[in-house]
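Look for chain A in each of the two complexes below; its partner is chain B in the first and chain C in the second.
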Partner chain A sequence: METLEKRLSTLEYVSVENEDDRTTVTVAPEKVLELAKILRYEEKYDFLFDIVGMDYGDEGFGVIYYLSQTENPARLTAVKTRTGSREKNELDSVCEIWESANVYEREVYDFFGIIFINHPDLRRIFLRTDWNGYPLRKDYDFESNSIPVHNELIPDMETSHSVYMHEGHEEDVTRSLFDSNEYVVNFGPQHPAMHGVLHLRVSIEGEEVKNIDPNFGYIHRGIEKLCESYTYPQILHLVDRLDYLSGTMNRHAVCLCCEKALGLEVPPRAQYVRTIIDELTRIASHLLGWGCMCMDMGSITAFVYGMRDREKIMDIFEETAGGRLMPNYNIIGGIARDINPNFIRRVKEFIPYMRKMLKEHHILFTGNPIATGRMKKIGYLSKERAITTGATGPSSRASGWSNDLRKIKPYSAYDKVDFDEVLRTGGDTFDRYIIRLDEIEQSLRIIEQLIDNIPEGAFAAKTGAIIRLPKGEFIQRVENARGQFGVHIASEGGKTPYRVKFRSPSLVLVNALKEIVPRHKIADLIMIGASLDYVIPCIDR
Partner chain B sequence: MYSFKDITDGIDSILHLFLNDTFATLAELILAGLALIGAYAVLALTLIYAERKICAAFQCRIGPSRTGKWGVFQTVADMIKILFKELIRLDHNDRFLFRVAPFIVIIASMCTFAALPFAKNLHAIDFNMGVFYLIAVSSLGVIGILLAGWSSNSKYTMIGAMRSGAQLISYEISAGLSLLAVVILSGTMKISEIVEQQSEMWFIFRGHVPAIIAFFTYIIAGHAETNRGPFDLPEAESELTAGYHTEYSGIQFGFYYLAEYLNMFIVAAIAAVMFFGGWMPLHVSGWDGFNYIMDCIPSFIWFFGKTFACVFIALWVRWSFPRLRIDQLLNFEWKILMPICLINIILMSLIVVF
Partner chain C sequence: MEVKDIRIRNMKYEDFNDNEYLENYVNELKENGVNVFVGTFSDIINWGRSNSVWPLTFATSCCGIEFMCVGAARADFARFGWEVTRNSPRQADVIFVCGTIVHKMAPVLKRLYDQMAEPKYVIAVGSCAIGGGPFKKSYHVLKGVDEIIPVDVYVPGCPPRPEAMLYGMMQLSRKIKVQNFFALSEKSVKHKSEK
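Moving on to the complex of A and B:
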């Protein structure tokens, strides 16, 4: 970090603050692009983790860029900027530097109305174009959007616009997304192979995909806005509903974030159980992901096999936590209740069962010549593109990018176990497919090492009846089944947060579709989408 | 061996008591048509039920179990439901072609069905060029599918129809060439004669290696012609929602559904006729006792037994294989399957000549 500080100290427009696990760089809004270029090309900050929009009241709007280097992935660097007054709401876009900024900046524009100059596609991302106001601003008027009673046309379906600076004043340029003679087919929001309500507009020529435009927001529930009026224990319940297939892991992230802010020591028993539950969830999620991918390729039997094995995990959850898909198990300070007496026995029965079934899954699908013929050398995502699009998790580990937070920055009991980060180098659909089955095996290894050694003792630390986080901004990352999930909490010291932002690994995965899919066939579009394994409620929030 | 000749002759003589020759023949034609339509519907229901149960067994499920014992009336209930469903009218489409398309599909399928020899002397259409008729009529269905896709005025159906056109026309070549190998072996196109010739030994055993190759190429190509997995691209559920019949509802959709299952049956039945002797029992020359026991089993049981064995193979493949991609599908046909069929015909001719 010394080199970074040395480099940045030569610039007069930035100030650097070092904390134990992250560096905060504050920069004037005009200089964001300049600093971003220095960080990207000189300091090798190639991974843009997230962009968080902030409303600082009278000090204007702010944006926080969380950056990381692939060489030093454990450390996050936050680049903060604020516009200074509420009238000023323009910033330079960093899209050309990091591909993932495309969707993140659209999100900030959607919620805060911050205009990113030179952004190629500055549309609203979750809300409709006829939405009035920017809902995450603190002065947002809740009455400004009446419930529409007419069935009106939505203009944002056809055109996009960008804002450019031209001789000192802004120029708004509108362009149409597709040519009038293109054959555009809607995939979704209601479609058997869209895992949730994703809407893809695909321009095709014969069977070949030319261009693709994802459309989000069909299941946007405004969770980030809701969180601002909820207490911290209440927020936990919303978090399960983001990525419902890795609900416990998302919840784990929020718990860890609050615990870090409060300085709570979580009992080792809770840490072990959390880790086991996380890994069981990961297995369940990968089984479903595997099954859905097989189903999208036309093999429905494989899907049923995946669901059958996943059911065993759901039964274990039900017994211990009461819930199946949403166990509601992690709480701030530990876990909600102690494990069921049968828990250890059933998990131990599950491990050899799952190993046996994994072999069967390989026989049923991996060894099938049609399946391998369809997956191999299709949908190539290079390591560099994976990093710049911000695609984390198994989908990018298949391209050879090592980004497993369980290894990089172990939390809970991950530092006490021995497991391998599964990496592959092909970057094609087959690698993204096989890596999930291999990760199931690694998860079983983790569980195997922990299940016999769950320490005795309390299962939750004592917290006050009302949880108040100290003033400040906190970020926590965990590895969920789809990649790096991040929680950013800004607190003013009250019992409700000032701002909560979730970093969804799925959002950038859908954006990566734009990279991968063109020049492939329609059937490949569906298969590649399934191999990226995104979950839509996590994107829309 | 028990023969249906007594029954058919009986009906014939009863009709002649009341009617003159012309009207008697007309009445017989109508009766035969009604019987075939009835058999068509019953078979379709049986096949749907069988598929649901078999696929459930493959997938560690139970399958239909509530309606009647073991759920046997489930498909009947489904049929009644589908008859009462609304036929949704679309705007901005070609109404006439939209309505006609399902009929073309089901008529093509029924015409093929009528030419099958179900049992000894139970055979409605039997020309001296029966095999040619089968191939010709079964390929009419693609017109209905193309019309359905075109007239629905929807993008999914259009893609489905184009895929279907490309696929069916390609695979018909292989299916026809495979059957041609058997025609070379038997020297006739008349189906009843082909069956009679297999009284000594079925063609799959008599035709040496070429007959076995022809059987496999026919099963693959025939499977592709029925639009079922792994060749279900025209209605690829996860890609095109339902392909060419996306916009159909009620009994119009039901026609496609019935035709799909019956086509599966027809392909299996043709395979049984051409390679396993149709209704002809298994005879081994010299083993008279064995042959006598085989003859005691009624001929229609032989026919349906063989056909359902082939249907089972189709179901097994369908429920364990993923779908092909369109370019792989066409490459497979034009670069692998068709050359094999052509070489196979030469082999078969050499065997027949020498």
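Moving on to the complex of A and C:
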């Protein structure tokens, strides 16, 4: 930490601000690239957590880069820059320094129209090429687009634009992503094995995949823009529906972010219950992920077994919170209502049941020679590539990258429990498969330690009828079932936020898919995708 | 031919909350008169059709997970002959629109619907498919799938429980049962978007 401050104090073009859990570095737009190189190569900031686009009104556009070191992952460093005027909307791309910046910068371009110079593939990421305007700008006209009648044209999809600086002049370069002699197959958006409405353009050579180009946006609901017109308690309901399989965890993140901003003390009872509910959600999500992955390999039985066990968790949710898939349970300050009298008993019944069933799942599928033959040594992702693509969660822990926020930066009741961060080193599909089943066991351990010790007392802190966050920018990360989920809230002091950005763990997982898949068989493409376990609405937001 | 049977084996007539619209439909059929031969054949065919409706595997977001629950162990729509989820729209009878439909997805859904063979049905599952749901104010969300395709049954909820989806399926079963099969192609419904 000191070394960073010392190094930055030698640079006269930055200003540094230290808060309790993050460092904010403000820099002029021309110097972003220079600073990024120093941070990456001298200070070892190798993990780009997120890029947030901002519209500061008359002060132009801005971008915030959230960075982290894999050696010291608990601390985030924010690099802020703003262009100064609305006419100026160009920034240098940091793609060559952090590879995961590719998708993030495309997103900022799509939403704000900020052009990244030297970006290799500056297409719109979520919206169609013929979309008018940039929706997250404050002056966006909602009436400027109508419902399209025809599908997006293939040439539009695969033409990439880049802007390069050449001897002081801007140069627009357009090129096609695929050669004219390549055999390209559309895979999705409506495909039963695609786990949602992802559209992959797959270039194949016989049975082998040469290259893939993911197209997003078929479920882009504009949640970030919607949040700007809703109050904080209303936002919570949209957050659940981002990554619906880890809805409570996403909601937890927003609640924690607001509570941090308000300086609200959450009662211990609420913290314990939140942690238990989070872990139950994680188990449900992993069971579904496991079932779907097995189904993609042809085992319908495994899917039915996984869903059967998942129903037990849904019952517990329903009894206590009132909802099955969307419990709507966390609120700012605690939980919406106290737990059901049966909650503790039913959770305690569930733990030995799940342990027994886990054994059965292993016997049913893990030990199956056909299944292991298809999974082992297929779809290798190295630790270094996991970091550069930005993949987090179980998929990257299978490659040996320790990044579990529950361990690194415990929130709620995670610092009171003893559990292992499951790490494997193989990095292949089998490791990504088995790590989920092992995580279920760890989640059961966490629940076991908490369920008997839920403290008595209030279940929610008192908040005002209208919640206003103080002026400032707040970020909160939680570990959801797919990796690090982040919420960035910029507030102007009003009852609605100025800007909300969600960091989706699934977006970078598709980035990792692009990395893993070349030179694999088409049949393995589906299985590798299932092993990464991405959720498309979380990508598209 | 006198009476049209709108009873199905899976659920009691009294247990349905809204029987009027079907009764009105039956009255309309009675007033227009149904040919005895055609009516009897139609009844036999509809008996078969209403007990084996094949849905398309289609889901965009959250409601898709509940749709999977309907297909899995506990709710198990195989009991009612719905279990053969088809991956190709050309083999499917009904499309469950599970989840939000956004502008970019709208032409895809329209094409899927057009690819399905007649007679075809649409069930709008969840508040997003019915009217945009919580995302109604968004710049990129369709305010209900009935803007682009005709809908037969609406299942409210966010997301609906599996039982609610089963109820929606029963409703569609009854609707299929009272339809005059041989007149279906004649009055092929033109949707408002096709005017």
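The rule is short, and it goes like this: the second predicted complex is superposed on the first by the 531 of 541 C-alpha atoms of A that agree within 3 Å, B and C clash if a C-alpha of one lies under 4 Å from a C-alpha of the other, contacts with A are read in each partner's own complex, and residues count from 1 in each chain.
Everything below uses one rule, namely that a residue touches a chain if its C-beta (ideal position, glycine included) is under 8 Å from a C-beta of that chain, and two chains touch if they have at least 3 such contacts.
What you see is a predicted model, and the numbers here were worked out from it, not measured in a lab.
Once the two complexes are laid over each other on the shared chain, residue contacts for A:29 go to neither chain B nor chain C. With both structures placed on the common chain, the touch criterion links A:237 to chain C but leaves chain B unconnected. When the two complexes are overlaid on their common chain A, residue A:53 makes contact with neither chain B nor chain C. With both structures placed on the common chain, the touch criterion links A:219 to chain C but leaves chain B unconnected. Within the superposed three-chain model, A:142 lies in touch with chain C and out of touch with chain B [touch as defined at top]. Of the two partner chains, both chain B and chain C are touched by A:192.
Of the two partner chains placed by superposition, only chain B is touched by A:365; chain C is not.
Put chain B and chain C next to each other and count what each touches on chain A; the higher total goes to C. Of the two partner chains placed by superposition, only chain B is touched by A:298; chain C is not. By the touch criterion defined above, A:327 lies against neither chain B nor chain C after alignment on the C-alpha atoms of chain A.
Shared interface residues of chain A (contacting chain B in one complex, chain C in the other): 191-192, 304-305, 308. Put simply, chain C touches chain A in their complex at residues 57-62, 64-66, 68-69, 72-74, 85, 87, 99-100, 102-108, 111-112, 134-135, 137-142, 147-148, 158-159, 161.
Across the complex, chain B is touched by residues 183, 185-186, 191-193, 204, 207, 294-302, 304-305, 308, 364-365, 368, 370-371, 373-374, 521-524, 526 of chain A.
On chain A, the positions that touch chain C within their shared complex are 126-128, 135, 140, 142, 145, 147-152, 189-192, 196-197, 217-223, 225-226, 229, 237-238, 241, 244-245, 288, 303-305, 307-308, 310-311, 314, 324-326, 536-537.
Those residues of chain B that touch chain A in the shared complex are 55, 58-61, 155-156, 159, 163, 229-230, 232-233, 236-241, 319-328.
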